[in-house]
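Labels run A, B, C, D and E following the written order; every chain starts at residue 1.
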Amino acid sequence: MRNRYRILGAGFCVLLTWWAASSVGLADSLRPAHPFRVLTTIAPLYSFVKSIAGETVELANLLPQNADPHDYVLSPGDARRIAQADLIIRNGLGLEFFLEKALAEVDREKLLDASAGITPLPQWVSPGSPTGGSRAGEMPPNPHVWLDPVLAVVEVENIVRELCRRDTAKASNYRARGKLLVEELLRLDERYRHSLDPLPDKKMVSDHDAFAYLAERYGIQRVAILETRGHAGLSPKLVAWVLDSIVRNRVRALFSEVNHVSSELRSISRDSGVPIVLLDSMESGALRADLYERVAEANRQALVGAFQGDSSAHP
Amino acid sequence: MGPGSEQGSEGRSDAADVAIRRAASRPFLLRTEGIAAGYGDEAAFEEVSLEVFGREVVSLIGPNGAGKTTLLRCLAGILPLRQGRVEKAFGLRMSYLPQRLSFDRLLPVTVAEFLSLRLGRPFFRPGWAKQERVESLEELGVTSLLDRRLGELSGGERQRVFLAAALAKRPQLLLLDEPATGVDLLGAAAFDALLHRLRDRDGLGILLVSHDLHLVHHISDWVYFLNRRILASGPPKEVMREDQLAAAYQRFPHPG
Amino acid sequence: MDFLSYDFLRRALSAAALAGPVCGFLGVFLTARGMAFFSDALAHTAITGVALGLLAEGAVEFWFGFALPPGLPSGLLILWCLGAAWLMASLFESARWRPDTVMAFCFTGSVAFGVLVLGKLGRYGFLEETLFGDINANSWGDVAVLGAVTMSAVIVLGRRLREFLLILLDEDLALADGIPVRRLNRILVLLVAAVVAIALKLLGALLVSALLVVPAAAARLVAPNLRLLLVFAGIGGFLGSVGGVILSFYLDLPTGPTIVLTQLALLLIALGLQPLLGHRRRSQSRGSAEATTSQSIWPSSESR
Amino acid sequence: MDFLSYDFLRRALSAAALAGPVCGFLGVFLTARGMAFFSDALAHTAITGVALGLLAEGAVEFWFGFALPPGLPSGLLILWCLGAAWLMASLFESARWRPDTVMAFCFTGSVAFGVLVLGKLGRYGFLEETLFGDINANSWGDVAVLGAVTMSAVIVLGRRLREFLLILLDEDLALADGIPVRRLNRILVLLVAAVVAIALKLLGALLVSALLVVPAAAARLVAPNLRLLLVFAGIGGFLGSVGGVILSFYLDLPTGPTIVLTQLALLLIALGLQPLLGHRRRSQSRGSAEATTSQSIWPSSESR
Amino acid sequence: MGPGSEQGSEGRSDAADVAIRRAASRPFLLRTEGIAAGYGDEAAFEEVSLEVFGREVVSLIGPNGAGKTTLLRCLAGILPLRQGRVEKAFGLRMSYLPQRLSFDRLLPVTVAEFLSLRLGRPFFRPGWAKQERVESLEELGVTSLLDRRLGELSGGERQRVFLAAALAKRPQLLLLDEPATGVDLLGAAAFDALLHRLRDRDGLGILLVSHDLHLVHHISDWVYFLNRRILASGPPKEVMREDQLAAAYQRFPHPG
């Protein structure tokens, strides 16, 4: 008798399985009319769209504050947001690796690469490593284009164009506000130039190659990048080479990000006596319209402070 | 016959006689010819030739480390042979009781479930063990243990269960490695009676390894004396006379 | 049911409903042989598999000039896992090491090698993917493959259950009963490997072993016998994984960890239930003790 | 020697030279009890430790308004590992599960919880750090702590070696001989936990178990007896970890994986040596077999 | 005396006499008073009161599952008591031989190393076992096994090693749980002789569990008959007369 219950229980499980599997065939739920839904992947893109479109679109961002786009894992909520979005704006250039799988199911039409049209820099390769120099050409691109205000303008223009194309009713509004944003960004660029150009000897050692485009734009020489995110430790030869380069090039500051200072960089800072200066790549920033301007300004001041050498920690 | 049918001494025709009579009256079950096996590079036994027929108890005796267990493992198909060959009656069904039992003591297997698995009975309805009255289970007192977990039996209880399962399989050939170890007096008596009945009533062939020479002497139809090689063989009355045994031990320190 | 309107959730639910019970069931066999970490080790060898896949991709592109589809395709990953499982099974039989030692050095060796290669190739993204998986990103094709593997596992286990259980109890006894122990052991290991290779895409290497171990561990707490152990493990696996998917939707948490925590919640419930069931078991065994004492002092004398 | 001019390399070498032999030695005990994954499980519970540390940090900042130093300080991490090890040891004694089952669900549970919390806090960086560690980033303070732990491990093991080995052979026998088995088991587990907590910073959770398991596994291949097993495991641990650091410098590879692969290379060498040593062992045991046959047939009759 | 010193029947003064003489002539080693222990919620034995003195062999007999092993594990300190108390001579050194031996068979422990560990001899120089001629090792034939690995011994060889180690510890009280299991004829004889010598020459107290009633009858100074409770006790000649035993079994199906 008891056995029969057990078999019934097992049968129940099989039935449930079958039901779950066959529920596929259920009719697709009807989509009610809704406002234009835009989904961005990272905070700077969110801030751009917020500035351009304000409250006229239903805007959401995938990456929660403080999350790292390089190793984010989607939650079912994210998957739902992706399924519901009318336009998905991502940075592209390989930044949103976590999206690849989920996007396989999504209509390519809904997708915009904000970085379209930008010639990317390759990812950093340490010249110290024997194969380094020759491999530079085949490295995947560095995705952090938005940190250069001039390239950010390209991204903003891409976004405005796409929004106008999709949501023609509000196109003029988008265009007008987009123009304001572009002007703001150009002003920022001006300020960067003004304050950084006069400074000599601008050298950067960092543990995440987020500031490559910015450095390229304003004449900062990237001496060494210790890419530690998602890495199983570094080779001691690389660390030794970085230590040597710091001494040889008289580097005056190591750059890292709040909450992401790697133990390697701390150790190098301890060993070389060069202080760590914190910048912000905005990858995991707060979701606000003025994020970009505020953070870019803070970065500028940090850079200026570091290169002016008023941080007297240099030995 | 002397303590060994192997030596070509005066007892030759006598020994041959006995052997022929033995073979003639019984169905053939298993024969090995010069087999050897062992662990690593070393042989645990060599050049072992023996025969087991139906309706007889063949005992294998010998000192510790003689290779008895290894030989039984070979016959049961657990260990590969190194040399020689084993000839079996067509479709021979064997059942083996190992000397060491090892299993996960934390696994909640009940005795009834174990018996179902071992005897090929319906696993999800082990009630049969209570309803049907299986001779060996009853006589070895296993019926009262059916709902117990295998892992929480006492040493003797566990041996009874494994022994009862091996007997209840009703094979044609039983390989028993020190079956009555740790079993109490009455259990051993029941086992003795069962062996007799299985042999005489059911015509089983039984290959028994035991250090209990009383049991061996009393129950065996044929005895092999093994110490890496077979040093002596014959009916127990002849092989197991104390003076003969002692003589055999002195005479064959290095067999071959 | 709101969440059923999303296709990705239907896929996730189907995958969980398929993988859960089979993993729970297989877990009983693994945990009983000290191989609780087998799935874990196997999943981590996938890192080396992915790395080798990338190397091969590069080599093909270099020598033959055409590009393979990126990443290691599911099919190849399954093949890799089967191969690794076969290798480990051979090492298990070598009888020099305990199985867990074999698994531990296969595990760390694969991780070390894979990480080195992925690091040199600059493709750490794949490492993340292998470690964490993503149940929300699987396709109906994946579910179909999972279904096929599940079906074959169910068929093989169903038809050979007696043999597998006998092997679990005592390998020597099984061998003597003429059961092809080696072959069945290999089959079991390959089944686990196939299931793990697919579950890897759902939960990732870090969590996949939970699917196999936790239901079996929970079932051990409450099952009075082997039959119920198997049944409970299957049911626990189903409830844990399907429940985990549903919970992760409503609580908006990553699905993989939620499944694992749901399974662990079931374990805790089983721990809570144990006193009640223990009571039943106790009275059962008290019954049998009475039977022992009601016979005469030598247990078998009554039947003579 | 070129590389000795760098301070960080001197630190890495010292850490490797300290941790290697002690881990190898402790590994013998772990692998002999089916606990090869203990270090692994423990290391992964550190993920939850880190997550809880961050939560506590946030809570302190929220309620008391001052910021703690970022990350979980080494001291707290060690305490956490000791606590987790204690808990697991209690579960081992519960005798409901095999040790590896206990470790497997502690492992996956911690990873699941840690990943959830770290994900919600957006601090995956710590996950990376815990999973991979970096031997090149340790400070002399870390080395000193490691030295202290190593010293205490050596002292405890050295003074209690006989007891520990007896427990390894048979717990019941040890108990009957009046050895405080429970206490010594706990001490062993805590020692391993302390070593793992520090080795975690060097190799990370994914690779730390290699330090403990691989030398012991390699030593098993060539050691004819228990004494040499212990000695070989210690030596193997030393060679593997120090050699790994040096190799990683000259080959320009990440240090952690290189150490593991060096250890594995030693394992392969041991596998190659085995036939030679096996020969010796064979002739040894053949000798003893002669001894057996040269006595009379009943082995003990000669001495009577 | 009747088969039980527990019943206040006609044999009272007789039994008391024997017991008093036993206690008077021998040093006190161990006494239990109404102890009980078991697994789970169930007691494996209850209300057991027994005494062991020096210079005597006390045997504990009873059917499978009677609780003998459990009782010995309690006395050895492996299992906690549920009830009652155990009184020991001050500084009593005990040595225990378990019924089931379990260890990692793959661990490369040699017999010599095991003996060093068990006997507290220098572990890193196990040569002593060959140089010193330890009585129990020699007589049980363990000296020829010193370089073998524990895991690759045959069942009987292993039992000999563990038995020899337990005897060689030279404690004041030996707890032996079916010590001669699987040991061959001459091994058992050597064991028998050793027991006699340890008792008579070295004055050890020995608590022996065995199903070999011949051995028990021949060697014991005192026998306890256990089946969850102690059903009978006394000198073997009195307790172990066959009719007496049979009568006792009939009379006490439910002891107490």
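Throughout what follows, a contact is a pair of C-beta atoms (placed from the backbone, for glycine too) under 8 Å apart; a residue touches a chain by one contact, two chains touch by 3 or more.
Owing to the predicted nature of the structure, the values given are computational and were not obtained by experimental measurement.
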Topological distance between chain A and chain D, in contact steps: 1
Graph distance between chain B and chain D, where chains that touch are linked: 1
Separation of chain C from chain E, taking each centre as the mean of its C-alpha atoms, in whole Å: 46
Distance between the centres, which are taken as Cα means, of chain D and chain C, whole angstrom: 25
Interchain centroid distance [CA atoms averaged], chain A/chain B, Å: 75
Inter-centroid spacing, chain C versus chain B (mean Cα positions, whole Å): 40
Residues of chain B touching at least two other chains: 62-65, 104, 106, 124, 141, 152, 160, 184-187
Multi-partner residues of chain C (at least 2 other chains): 96-98, 112, 115-116, 119, 132, 220, 227, 253-254, 256, 285, 292, 295, 298-299, 301
Residues of chain A engaged with two or more neighbouring chains: 6, 71, 73, 75, 229-232
Residues of chain D defined as touching chain C within the complex: 31, 34-37, 40, 44, 96-98, 100-105, 107-109, 111-113, 115-116, 119-120, 131-132, 206-207, 209-210, 213-214, 216-217, 220-221, 253-254, 256-258, 260-261, 264, 267
Residues of chain D touching chain E in the complex: 32-33, 161-162, 165-166, 168-170, 172-173, 175-178, 220, 223-227, 229, 284-285, 287-288, 291-292, 295, 298-301, 303-304
Chain D-touching residues of chain A, taken from the complex the two chains share: 64-68, 71-73, 75, 128-130, 228-240, 243, 259-264, 266-268, 270-271, 284
Touching residues on chain C, where the partner in the complex is chain E: 95-98, 278, 281-282, 285-286, 289, 292-299, 301
Partner chain B, residues of chain E touching it in the complex: 39, 62-66, 69, 99-100, 141, 152-157, 160, 178, 181-188, 211, 213
